[in-house]
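Remarks on the structure that follows.
Labels run A, B, C, D, E and F following the written order; every chain starts at residue 1.
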Amino acid sequence: MSVVVQNIERADPEVITGLAECGVATVHEAQGRKGLLASHMRPIYSGAQISGSALTISAPPGDNWMLHVAIEQLKEGDVLVLAPTSPCEDGYFGDLLATSAMVRGCRGLVIDAGVRDVRDLTKMEFPVWSKAIFAQGTVKETPGSVNVPVVCAGAHINPGDVIVADDDGVCVVRREETESVLAAARKRMANEEEKRQRLAAGELGLDIYKMRERLKEKGLKYV
Amino acid sequence: MSVVVQNIERADPEVITGLAECGVATVHEAQGRKGLLASHMRPIYSGAQISGSALTISAPPGDNWMLHVAIEQLKEGDVLVLAPTSPCEDGYFGDLLATSAMVRGCRGLVIDAGVRDVRDLTKMEFPVWSKAIFAQGTVKETPGSVNVPVVCAGAHINPGDVIVADDDGVCVVRREETESVLAAARKRMANEEEKRQRLAAGELGLDIYKMRERLKEKGLKYV
Amino acid sequence: MSVVVQNIERADPEVITGLAECGVATVHEAQGRKGLLASHMRPIYSGAQISGSALTISAPPGDNWMLHVAIEQLKEGDVLVLAPTSPCEDGYFGDLLATSAMVRGCRGLVIDAGVRDVRDLTKMEFPVWSKAIFAQGTVKETPGSVNVPVVCAGAHINPGDVIVADDDGVCVVRREETESVLAAARKRMANEEEKRQRLAAGELGLDIYKMRERLKEKGLKYV
Amino acid sequence: MSVVVQNIERADPEVITGLAECGVATVHEAQGRKGLLASHMRPIYSGAQISGSALTISAPPGDNWMLHVAIEQLKEGDVLVLAPTSPCEDGYFGDLLATSAMVRGCRGLVIDAGVRDVRDLTKMEFPVWSKAIFAQGTVKETPGSVNVPVVCAGAHINPGDVIVADDDGVCVVRREETESVLAAARKRMANEEEKRQRLAAGELGLDIYKMRERLKEKGLKYV
Amino acid sequence: MSVVVQNIERADPEVITGLAECGVATVHEAQGRKGLLASHMRPIYSGAQISGSALTISAPPGDNWMLHVAIEQLKEGDVLVLAPTSPCEDGYFGDLLATSAMVRGCRGLVIDAGVRDVRDLTKMEFPVWSKAIFAQGTVKETPGSVNVPVVCAGAHINPGDVIVADDDGVCVVRREETESVLAAARKRMANEEEKRQRLAAGELGLDIYKMRERLKEKGLKYV
Amino acid sequence: MSVVVQNIERADPEVITGLAECGVATVHEAQGRKGLLASHMRPIYSGAQISGSALTISAPPGDNWMLHVAIEQLKEGDVLVLAPTSPCEDGYFGDLLATSAMVRGCRGLVIDAGVRDVRDLTKMEFPVWSKAIFAQGTVKETPGSVNVPVVCAGAHINPGDVIVADDDGVCVVRREETESVLAAARKRMANEEEKRQRLAAGELGLDIYKMRERLKEKGLKYV
């Protein structure tokens, strides 16, 4: 039942980097408004904007053993993604594990549970998106699995899928779709830039997007 | 059922500005401890302290069409106030809408739902008080209404009522009461300043407010 | 029923200071993973790291009278700890009370309810860990008690117990155990420093803690 | 600030009774999908289906004094509606108050807070919709108001508005709109009955409501 | 750190039985409005009204090993009280453990976590008050403690304290105070009976409790 | 983006029926403690115990159009499973849709959102497990998808997977694993029956499961 999958496929590093530049909101829209993790996943500090290949962890509540196992599997550019097998907010992760993860090129942690040592993690610039900040210690008694599909904060994540995370939250992109999503995201950004300039010049969305007629048809009345 | 009320009355701009200077806690007390929105309404960044006339929006869950309609109705000094017709935390608003709203003099957004692009909004210094930060995209299919009375985060808000918002949250002042509330708020601030100096000098609230006798009558015992 | 206990025992000031330096996560672990307050207790600003003797307050919902009573009992190095007698998020405490508390050497407030004037409190560098930021005013009608045992945010706290609080949350240490906990915490910190260096050098927790054998026994499979 | 409005207008008793027969879901739809109280308002027992004129109460957290005041104002067919001035789940109401309210013809209680003695209330067949079941006692220290507009569980309720409540929750109908809403609700029920028979006979909603074409236009694909 | 205290003092069985007859709300009031567990502690079925000596369990999240240990310590008339060491809603307890507990005279379970097999437990008439109904299985890896003081759902409970539970929730009475609380509760019940009759005859609480004068003094206005 | 997959594979009807007889807790354990939906998924009435093939629906918040589409795809023995694309508690489903679904052999609904007409649904014996009971009406404007993989209440569900639901909640079994899970569940039930008899005869779990030695090794002390 408890397995560590050692070889997973990862997306093209340049594509992954490109997705980070687009940010969560744009990537989410570009792939058809899907892939967001729940809004309770908040960054421990503002300003981080990352992407990376998901190294997934399924762990029992209050047991962080699998994080040690997972760190050995990290490759440069990975993001750790931990989903507890039942709701938990214990502090699975702190500055020691972050030290170890950073040595191996880990770009951050996404955890539907708690994290601690947040002051140190902030100083180390190791970004974490979590459900809670909680110092509660954990045990190391029950194995879970590494690099199996998980549901984390309401999103289904396969190992090797790409995680994008910033101040707006966390989004997952299917590994197979990264290139098309990046293309769509870049197109969207270009399009938004043009819209931004028109809006900044005082044009209205009602006119740019030609909404007036349809609003009228749907029954909107001005009084 | 879906209407846009185009002409609403607004309070005196100087009075509105005065209320911002007093801040949420003082204004709330000055008007008899009423008018607060629920505590889940948090600012996306610290330090903003604003006031403005409420331009209200009633919108379906996951549908931000009415924001485009509302922006056309904005006048200098307004604050957008969006209440979804059922609980929702989708990201109705981001940097493009903020660009458009700022051009028209909008001072901020109060939304009992989600907001996104918070890093950009912070850079633009466009303050938002929201229930969630969430990148979830919305549709434009069902009209709502603009400038009708709404219940937003537990507070009843009429269009043209004055919104005061700072790091403590959000408060609404009835348009008809703005002058009397400002007067009461200023009086309270002056009174508090005197109290602050006495407290800073080491006097006790027990003595300043003459509480000892009444506490004794109510049965408080020192042991 | 309503009492103020005027003389409580406090721990050794140097020991108390030592606990602040160790921080919440370390102290919690050092005393056997106990003593944490619930994760909803969050600081109003980042970076404060304090400790102090608990001056406890049991107060009715929406009634902050006892804070005035408690402030008279403060001694240099105390931390105010307020537990409402039923769930409440009203703003019991603001800048005036903080002014008064600081004069008497109070190091902070831990409150399983709301706080207001957070911008001022931040400027004053008066740290608060609370359940909510909420401007809602309170009354002064019903006495509670000061320096009686309370349950605050799920933790049992006796007057004179030591509160440790930082960005990770809040922990309580029994007064009688402060010295042994401090010793254990310092030992833990030294031990962690050595681990940190080994991990930073690339060693794995799996090897440092010799976990491989036991993981295998428990059935973990590598595939 | 604390007032008891003694004379309020009430809707036609027959219309009120008619609304109870339609039930919450139908009434809510008939008035344009508005008026629902939040879904946390649950009945203490199943099967009650009532309506009545709202006798509104604004009360401080943890203080049930105004219920005694309100009971004197009850008229046959009224429903008590209590909104605390800040979030609270204390048990404002139990079997003694219910005994008194029933004598005066009260049909039930809607309270965005707690209730207790639910076993007795169930035996007495006094229905309550509440946010919590909680035995926590309250004080009688601070007056509130009776028969003023309130926001209860997210809905704005004026005294004399009509409350409809059943196993689906609680809905408010503006007093001035009761007749038109009842007419619309009855029409809807008749219409639903016809639909029910066709659906029970195996017809599909897709065909009855002619949805296929529009779904295709909106891009739905069958694979 | 993990201990089983085998001999605890229990209150007089007749006093314990008397408290069950009074019920939660009355007992809570009789002891000065204290001792309630949080309102999220709900019975799995309606109608049970019990009391018993608390046999306390402190257990790690997701680990129900200590329940087996605790059952051996049960004496006729005990109630199991389980507090997880961090928030958890896993299903620690089901019909097998209930079978074993009932053999030893256990009257019920109070658990600030989850329970499962609720249909069977209902048929067996084994009452449970819990935070959640959740089938999630648990492990048996980490010992906790039995018969140590715990905080359960916000209430501090010592082994041997008396638990009273009914449809209103759960209340704890200090073992040393059971007799005086029972006396006060019975007095309260007698007093309430007299009040009930007067209220049922149409007298108002305003008159029975002579509230009119004080309400006027506090500023209540009739309009 | 919006698709209806018309042909899905379903498990063997006898195996599906067998799983219902085992119930949620047993099935969850039998498949290695996985597959549970979150504990907020509660039945609208007690006593239903069902299983069926998942007919999945992904729908926008507040838009129930896809339910009409899904009903056409129902086959005898299916269970409707609806996951909104963002958190929502609107009432997507009521007695009319239930009438239509029952005609086609639908055994129930699992919905991570709201349901209404619960009194009628109870009379019709159409079981629903939902996040909320809420009468809030929905629109029919935006297509979603039918029979695509969804995450519902934290569980990943493929069309054709088997849903088991009872008073303990909801569990999903992968279609490919139904036979082995049923075999394991039946074995577990037989085993439990033997344990139940021994426990009912007074044997202790400590002895049956031979736990004493291991507890001692782990440091448990009896005092």
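Keep this in mind: a contact is a pair of C-beta atoms (placed from the backbone, for glycine too) under 8 Å apart; a residue touches a chain by one contact, two chains touch by 3 or more.
Everything numeric here is computed off the predicted structure, so don't read it as measured data.
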{"item": "Those chains which touch chain E and also touch chain A", "value": "C, F"}
{"item": "Cα superposition of chain E on its sequence copy chain F - rotation in ° rounded to nearest 5", "value": "120"}
{"item": "Chain copies touching (chain A, chain B) - same or different residues, decided at half shared", "value": "different"}
{"item": "Centre-to-centre distance between chain D and chain C (centres being mean Cα positions), rounded to whole Å", "value": "42"}
{"item": "Rounded Å distance, chain A centre to chain C centre (Cα mean)", "value": "31"}
{"item": "Separation of chain A from chain F, taking each centre as the mean of its C-alpha atoms, in whole Å", "value": "28"}
{"item": "Contacts with 2+ other chains: residues of chain E", "value": "1, 33, 36, 39, 85-87, 89, 134, 136, 142"}
{"item": "Topology of the chain contact graph, where touching chains are joined (line, ring, star, complete, other)", "value": "other"}
{"item": "Contacting chain pairs - touch in the sense defined above", "value": "A-B, A-C, A-E, A-F, B-C, B-D, B-F, C-D, C-E, D-E, D-F, E-F"}
{"item": "Complex interface listing, chain A residues touching chain B", "value": "23-25, 28-29, 33, 36, 39, 42, 46-47, 49, 166-169, 171, 192, 195-196, 199-202, 204-206, 209, 211, 215, 218-223"}
{"item": "For the chain A and chain F complex, residues of the former touching the latter", "value": "1, 32-34, 36, 38-39, 85-87, 149, 151, 154-156"}
{"item": "Complex interface listing, chain A residues touching chain C", "value": "1-6, 65, 68-69, 71-72, 89, 91, 94-97, 99-100, 103, 114, 116-119, 122, 132-137, 140, 142-143"}
{"item": "Chain E partner contacts - residues on chain A that touch it in the complex", "value": "60-63, 85-90, 134, 136, 139, 141-142"}
